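Two complexes, one shared chain (subunit A), two partners (subunit B, subunit C).
On to the complex of A and B.
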């Protein structure tokens, strides 16, 4: 099925197609690369690479990802100075900065440094917004390994887990409305009908859902604070359950709370992948930061209780992950 | 306290107390339980509603909310249910809303007499999940998005409580009935002999010595002796009573005999008096007529003074006869009062004037004190008679000081009073003074002191007319006789009658027939009548009269008792002879008792009793002649 076997970095390509900003960024990157190279040429060739791991806070997913990052980074023989700091200490960063989480990214952006900056555990839209809204970083190399999973992978998971599902509903708010084009495109690629409805505010969520529920076979949740609101989430699950509408979500917490399926990368996966990615860039040898992309690694969670309640037969998470891997040709 | 009452109290009171206290305790407990369970149910329902409504409120699913409320309100006792926004606006309601339902949102239960109102918030609790996409966003705190209010009626509980109360009362009543039966059957049977004895003793105390029947000897022990004793006592009392009855009967028989003897003696006295007065009356009558006619003939003659004394003696004698006659008439029951209105002031003025001379002659003062201008309802003649006798009596027994005639209003009566400063009456003689021939200070029976009939007549006349006479007296100080006569309210008519009866100064005219078998009496009467100006025809009987008459007379004056006939027959014969004519009849009689008096009374003719006073005769004759139109003014 060649139509389905798409390269998994499709989203990166999509991101590159997002218009003139991307092209300008590429041009800037070339200039920066030249400057960096000039700078590095002046330094002793064997000097150890400085890496600062900047955590939004101590513990939690940030710590977990940072540990995985360090482990993965230490797997080759290169000598590096790795420091782990938290934002709360308002530290001075030095060398390559790997920001774990939104707060760490915000801090790193605010330091007005020229050091390369790699953001992890940050949603794609948040990253784009923050970078564009923070002035004084035009010459800096900034890239991210997004927290989100690409739309195409999410839709493929639905198709794999529930082959009978044809139409997929997605609720967006003004916050995420601009992604609808990408969603439709991804749907077309995967071969599913995508129905996107907009809820202007929290009150409209249920009425929009009412309209959607009649036409679709499953609901795909996107990270959107209006739709996926902790206040109304329980009611949302009850409602979809009553409508017998399976939910596909983007985190293990949502699966535990009542979604049928969840597709996400764990902090460990993200940390390890980011380290591997950074290693591959060989920044200490004059390499440059690659463009931001979605993670290649992922985990599939299945809530079998929900599956039973909805009278659906769903394979286990690892099995579905393997199947998705096989499909993407990894 | 009676034995029966004690037995009932002993049997009923403890049972009643226990029943009431236990009943009240159980009912109160049950009501509390019912109330608690109602609250629990209300809380459960409200909690259920909160859970059910949360989803509908958040999703805005009005329809399912309405369904939920409609279903809830059908639950037993639920009156009203509603879901409201925190600002008080209504999401949905069902049931009947009453005024009691205005509750602020506080949570908990509000209790009223009829309702329990539960309110509970719908709280939206954020789901605590780890979402790496919402980094830095704090978990919001739970917030109230709506209130649920549920009203439950307490009426169901009230009804149950009422039914319980009624059932309890019913059970108590049944229990009491049972207790009453037990007391009767068990407790009272034991004391029945005692109760029977008490009843028997009561009967004896009430005078029924036979006690209905003898007491049955049912008791054991000492009570049996008591029963026997009561029976013996009853028998003894009966025999004693019978003995007493016999004695009383014989005493009564003796008394009856004595009474009959006394009555016979009294009758004999009356007969004697009647006969004697009748026989004496004839010559008295003639004597009076002669003295009257002689008076005009002996004017300016030296014998006139002697004639005056004769006249006074005749007059005294006549008044004594009149008194005896009056008593006879009153005893015979032939006097019927003719009640009309009498002017108090003119009556007393007349009396005062009439007795003034006597008082002056006796050297005592006669005063009149009359402040009322009223009319009384009485027989004018008889009332005058009563007062005359009283004044006369007072004057007679007063040697010095005076006599006061007075009248004053006393309620609806006029009280006539005659005061004197005379001898007074000892208390023990107050009753005797009204008996015939009783005189207080005349043991010598001096007839110039009267016969002692004045107060006897007063007493009889007073009783006859229904007036009240009272006497107060202090011996040596004087006496007061008071007479209460009811006030008359028919003044106008009375005045006219009074005016008519004023003395007339007419010269009489007309033909008068005089019939009497006693020629002397007839002659004296004719003499008198001719002196007044009328034409007289004398006759000894009816045939003699009819023979002498040429035309019908204007007036017939006849003696009642004639030879072989009576006055009434003469009148009848005259009516037959002159059926067209209008004439009046006067019957003169000496009878004071017996059938004749009653027959005369029934005839309706005016009657004069012998000896006839010329003044009375003149008044009557002139009135009768005027009514036939035979009188003319002089």
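On to the complex of A and C.
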């Protein structure tokens, strides 16, 4: 055990004051010692906040986001104990829990702890459903930095990249149908007509698509396993390309596959933004988790091969991102 | 301790239950996997079409809407909708001849025809439009490169290239049936199934086509066919695409103007093809493919000219004297008795991943084999082995200027190292207007006929009796120098497109046949294949398309051309080429679909007076075919029911006009009525 070096010398103080000042000096020393003790006793509560990064899996996007989170979190002078764990180890969590991915969120919700829980890499609708359907977390502070981009930003991207596009088609299934109202609201906000068609099952996707293709200038994809899956994707891209209907997607992979445009946040962006957000909440100083929100950061991908083939002149991804930033006053 | 265990059990049970509930909640909901999975690259480089504004040549696309609106029954007829194209029905040799800027006989040899990348141009006898291995119903679109395209498609693509592209994977799922009858004996039907089995997406078509052709001509045909197109994904990046086809049935050919076959007959035709293509996506905008195909075609023609003694008007006993070692025998004169076979292997890489530079390159090898005693004077196959390497690049010099450069180097048994190339410069005047200037050097090789042709009379063991037309060999390839200035413009938000080009094509060293002497020891004169003077063609042509709304279409195609001999007919004794290109070729297609699913379309076709020559490489100076005007009308009604669409069509060809002459004066095309019914079951 290392020796603790006190910042004053009691005997020296008495010798220096001799006589009448020794009592006062002793009193001062006691006060200063008491203050130091209080300070030392209080240190763990402020300087070593516990943060558990709970990953759905080791490696991949979870590791990428967690590393960005840690780097960003370390940018201020506050001391935190950050632990990175994966769900597979069935770990005990304590302190603020940051769950990376749906599986990690499931696990964190199931622990029924009162520790604050921040979800990242989880889509908005999935997060809301999981929280509302998991009992026993009513007293817990739970929030999320959603993975998906807000509809209004997606539509603003279309308006910016393709000014000639007026009507935007969106295919939904029963699982995403409830977002129709939000989509129409976002369309009004941005000044685009939104045509939402529901496909009850995979077989209906193409009849709905045929009906849409005749009436819209672009198709916006939503993450919906009925509409976007490996079986359907090949047909979807081939059909829309033949109809010369550009697709705007929500992931980089879908842009590579044949979409014209994509708007998404990378795991690094999500991780860094979540850490910055968490830092701003000052949970260690009695702050509370802020309400869930969409990410501010985003990346725009453009498939210029598709653009060229469709004879569309589209700015580069970074330029479009700057334009979107400028529009939103950032 | 027991209490502790129970509490632990309860905790685990509660956690498991909660995880299960949460998992249930998210089962139908998207997860991060939906955002970060890597789907297969569907729109790979070779699947994406080069935009017309960046193309180095004029291109006409006949899409499904135009195919249906035209009401045409024959595939070759669709080329009437391409500026500068002429189609002649019921030729003596192949029943259909299609050419660009005229300058053709019944066996047009200057145009490449591809079906999904497989060349159906035969090494000897041009293109048999009845034997493409594809049904009209299975064609998705026809892309026609109007102008020389040897730098991309090789030595057969001398003056133009017709790319027939079949319906893509996943199109028209379910059963389809179609029946067609007409007022002149056409009985045609088709049955198709599109589906998926054991991981293979397939398209299987059975066809039956029977037509009587023109009155008094031996041009009837019967084609039975079966075609299969399959696709299989090997993994996320690799796709295997295969095609199998088989056709048989007799075809009527021959007539009095076929110099060597005065008697008419019916040829049995049997053909098959196999095609395999492996494509690997290398990344966004990059892919590579390897394609192999084989096609085989056997024509049986048992026509004879009787006993040799009768042909020579001598006593049978004189034959052993005249031809020692031989006795009198029946002499076969069926020039359509032949076998044609092709093997082709090609590798290609496409890269359009860069904004500034898009390029493709490849290499291929081919073996053409042909066997015909009557045409070649040999019992065995003659072969043409050839190889090719090619590359094309489009480089964006800046936002407005685009440089296209490409070339192909070919070498083979009938072609000694030839390089065809093209340079084109496109200038973007504005987002909707592009100017294009290009120069192309294109070549046409003489092929197996030009190298080995020896049309004559032969004993059954192959010994010669006489030769009437032959090639001394060593024929130089034809060369074309073509200049083009084009303007492509889009109007009304791309609803109207105008594509105009002025052109000059100089055909040098034309391969043709001159009257001459047969080689020793044959006693008669013969037609000798050799290089001639050639012809210059200059003109203006274009197309205007207006598609204001789905179901409404107006397409005008026009060509004004003038041909000029590069030789003096009087001093050379050759027939002038000037009448072989019609001055005006015009077509107009109008179509509209009404709200009640009734479709009405009208086609107008005009070709000025032109001269089609006779068979083979022979310029006989035939009389010209008069100019004609033809109007076709189609009325169709689509009936939609759950799970099935039925289309009923009434088509009238050459309505309201007198009969006109197709290809030759006695091919009188009178008004024809067709009734076509098709049903698509999903």
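Keep in mind that, in the parts below, the second predicted complex is superposed on the first by the 283 of 330 C-alpha atoms of A that agree within 3 Å, B and C clash if a C-alpha of one lies under 4 Å from a C-alpha of the other, contacts with A are read in each partner's own complex, and residues count from 1 in each chain.
By our rule, a residue touches a chain if its C-beta (ideal position, glycine included) is under 8 Å from a C-beta of that chain, and two chains touch if they have at least 3 such contacts.
Since we're looking at a predicted model, the values are computed, not measured.
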### Query
Looking at the overlay on subunit A, is there a clash between subunit B and subunit C, or do the two fit?
clash
### Task
May I ask you to decide whether A:164 touches subunit B, subunit C, both, or neither, giving the answer as first, second, both or neither?
second
### Query
Does subunit B (first) or subunit C (second) touch A:59, or do both, or does neither?
neither
### Task
For A:136, decide between first (touching subunit B), second (touching subunit C), both and neither.
second
### Message
Taking the superposition on A as described, I'd like to know which of subunit B and subunit C A:250 touches: first, second, both or neither.
### Response
both
### Query
When the two structures are laid over each other on chain A, which of subunit B and subunit C touches more residues of subunit A?
C
### Query
Looking at the overlay, does A:238 come into contact with subunit B only (first), subunit C only (second), both, or neither?
both
### Query
So which bit of subunit B gets in the way of subunit C here: 116-124, 314-322 or 476-484?
116-124
### Summary
Dual-contact residues of subunit A, meaning touching subunit B and subunit C, are 56, 61, 101-102, 121, 123, 147-148, 223, 225, 228, 230, 233-235, 238-239, 250-251, 253-254, 256-257, 267
### Query
Where on subunit A does subunit B make contact in their complex?
56, 61, 101-103, 121, 123, 147-148, 203, 206-207, 223, 225, 228, 230-235, 238-239, 250-254, 256-257, 267
### Query
Which part of subunit C faces subunit A closely enough to touch in the complex?
14-16, 18-19, 21-26, 28-32, 34-43, 45, 47-54, 168-170, 283-285, 352-353, 355, 358, 431, 493-494, 550
### Message
Under the definition above, what is the set of subunit A residues touching subunit C in their complex?
### Response
56, 61, 101-102, 105-107, 109-112, 121-123, 125-126, 129-130, 133-136, 147-148, 164, 175, 214, 223-225, 228, 230, 233-235, 237-239, 241-242, 250-251, 253-258, 264, 267, 303-306, 308-311, 313, 316
### Summary
Touching subunit A in the complex, subunit B uses residues 54-55, 58-61, 124, 126-137, 139-140, 143
